[in-house]
Amino acid sequence: MAAMTPVSREPLLSVRGLSRHFGGLKAVDGVDFDVPAGQVRAIIGPNGAGKTTFVGMICGRIPPSAGTIRFDGADITDMPAHRRVLAGIAYTFQITSVFANLSVRDNVALAVQRRHVGGKGGRLSPRAFAAEIGAALARVGLADRAGETAGNLAYGHQRLLEVAMGLALSPRLLILDEPTQGLSDAEIDGFIGLVREIAGETTVLLIEHNMPVVMALAERITVMDQGRVIAEGTPAEVRGNRTVQAAYLGAPVDA
Amino acid sequence: MSPAAPHGRVIALHLAVVALLFAGEFVLPAYHHGVMARIMVLAVFAMGYNLLFGYTGLLSLGHAMFFAAGMYGAGLTAYHLGWSVAAAFPAGIVAGAAVSAGIALLALRTTGVAFMIVTMMFAQVGYLLTLYFGNWTRGEEGLTLAPAARLLGPFDFTDPATRYFAALALFAVVLFLTLAVVRAPFGRVLVAIRENEERTRMLGYDTFANKLAATVLSGTICASAGAAYALLFGYFGSTFATVAYSILPLLWVLVGGAATTLGPFLGTLAMYYLIDISNDVLNRHFPDWDMSYLGTVGVALVLLVLFFPKGLLGTLRQRWVVWLP
Amino acid sequence: MAFGPHLLLAALEGLVQAAVLALTALGLSLVFGVMRVVNVAHGEFFMLGAVLAWGVTTAVSGHPALGFAAALVVAPLAVGAVALLSERLVLRRLDYNPEATIVATIGLLYILQQAALTFYGPEARPVVPPFNIRLQLPWFGYSAYKLSVIGASAVVLAATWFVLARTRIGLVMRATQYDREIATAFGIPVERVYAGVFALGAMLAAVAAVLIVPISQAHYLMGADPLLLSFIVVIIGGLGSLRGTVVAALLIGLSDGIVSVFFSPTLAKIIATLAVALVLVFRPQGLFGQAAR
């Protein structure tokens, strides 16, 4: 919506000392993390590095064991997940979880109506409501599939629907959890174009395994390993970082 | 459910059902006329149940307590305090709303099988309470309302025609209320909760608050059926609080089709006559079999869940009439 | 009677209750533990056991003990066969889906009640106890048969424990309970285990019913109370825990027996049911169970 958020001194998302312990396992261990408004940030790291747990705490699905999370200047550490969505944090699931038995249109309608019924957007006329749904679907190229049952879509299209639902929330921070997993090369190219477009209007936090996608999209990269941040910088800086290479078992990052 | 569903056709269908029932007053023979009045009130009970089970996906085994709350809320105030119908009926509804809110706050902390057992146990407590306070309720024997307690202004519910129209009025109001609810954004959220609660939460919905609202709405509708039953038919007793009256709405909804607006009515109608006819036939041919509703209900439940889980209208919608709400 | 003896009498009555309840609840707990099926028809297997016991004892002439011994063998076997049949024809076809099986077992409950009503009738009928000896305690006389029920139930419980904990059958059952897929991968015939467990659960209820029927009476609607009490025991004791089940059965049986002597039985049931519902709401793993694995 608002093309540019006014530059504030505080970053949009600011995390201090965030930890999550499962029994003796430290899934996330004392992470400090800042994302300024408007940035596309990627979080990378080997399997089990704690990336999904980390963003799970940011969007409120997992309660932290310690630490604070500030979003847009307010402490949201204890805010329930559904209120964080209203505050502007949207999360797209790692494992596709669109409403398989509902139509594509209804899937997006659920996201659109959240802003208008009891949200900040005010009531909409049925026509404007339908128009917003159509617009969100058009963004991801699913406009002609609105009437189909979501579960019958091809996998790649379900992922796009998932993104459309995230976009329809008009988030200030869009968290994409491994969005290209299972997509074909052509679909990935389309996806990169889509995120570039989105990046103009919202802050994006991208968790991704696919290095070419990360290198193509991210302005800055945060590298996690064993629950900690081991490096952070521009794609070029991260690529040259020896600690990062070691975390990936010595393999060059862009392999 | 979706905005593209033909609005006019849906409204016309529901109006036609109400009109057909209206015509029933003039064409039905006396016996079936009386039966139909009862069926319409019980269908309201089933529609309330459907809102929670069919649309929200919460299988309660304790809805008898909401029906009974309405029944005793209206019946006891009319019997002991001499309240008029105009006061006793709202009293039943308020009682149902209060009971369902209290129960929901506790029971909704559980999910799945635990939710089923917890609701069943709370309903059992409700039933036992109607026995424990037998001085006021007369337990299983129940109480009969005097004809004077069944007057609403010029309307006398001891008159079959008046009773029929009163039942129809309540039925029509609740039918269009559920239609409005399930086609509203709120209804879409309930279905989303049924399909995937976690995803719904991550779209920014307070799923607990929505489930709470659905339970209270469902319980209150069931209570209105209970209150109407006591005032229209002039009798209320503990039988209506037993487990059987928690199972019956589930059965009716399963037969007619869960998450369809007309399914509960159709299911109630079908089961009522199925039990009636099968008992008649079997008792005539096998008089020493002691057929009661038990066997028919049991066989129907097992066959439905095995071979026909979507029910009459659910199957119809899946195969042929996709626009059916 | 003075307070002390009165309490002793109540405790003895409670102990008899607890013994029978432990067996019935163990059946329910096994079925839920291994199969994840909530068997709402469990109380009707109990009822069926009692009704069949009446049938067998009336059919066998001679000393009452003879008929009773026959009932103790025939009734559980017959009930086990009915359970096996319902598992085959209904539960397996539903793939043990939790919600569908609850609806189906509710249907089964009604079918069994109707069958009992049709073939046995609406009357409550007594069964003659196998022996009729009164033990004279200093304060009151007490039925030796009731005491033997406690003993018999303890023996069956011990045997069940032995099978579960010390034999290959028990091991296979625990493996299936732990993870159905892995058990299948290790060549365990999961479907046969399920069928066996369902039958065993029903047979435990039937044994309990045969033991209690000379004290109470056989009636086609008698299944409701054992079902509710078994639920209570299983919830308080924690699911799938033999020790928890026995402890909870003692707790519920004794308190029910004692409270019923001093208060109205309806009030006792109200309090017990409410308490258990609240346990399920606030402490779903039961009072003796561990937090979710």
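Chains: A, B and C, in written order; residue numbering restarts at 1 for each.
Operating definition for what follows: contacts are C-beta pairs under 8 Å (C-beta built on N, C-alpha and C of every residue); 3 or more make two chains touch, one makes a residue touch a chain.
As the structure is a prediction and not an experimental result, all values here were calculated from the model.
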item	value
Chain located farthest away, centre of subunit A as origin (C-alpha)	C
By number of C-beta contact pairs, the top two chains	B-C
Mean-CA-position distance for subunit C and subunit B (Å)	33
Subunit A and subunit B, separation of their C-alpha mean positions in angstrom	44
Intercentroid distance (Cα basis), subunit C paired with subunit A, Å	53
Subunit C - residues contacting subunit B, complex	38, 90, 93-94, 98-100, 102-104, 106-115, 117-118, 121-122, 224, 228, 231, 235, 264, 266-267, 269-270, 273-274, 276-278, 280-282, 284
Complex interface listing, subunit B residues touching subunit C	59, 61, 106-107, 109-110, 112-114, 116-118, 121-122, 124-125, 128-129, 131-132, 243, 247, 250, 254, 289-292, 294-295, 297-302, 304-306, 309
List of subunit B residues in touch with subunit A within their complex	1-4, 185-186, 188-189, 191-192, 195-196, 198-207
In the complex, subunit A residues that touch subunit B	59, 61, 80-83, 85-86, 91, 93, 97-103, 105-106, 109-111, 113-114, 117, 119, 126, 129-130, 147, 165, 169
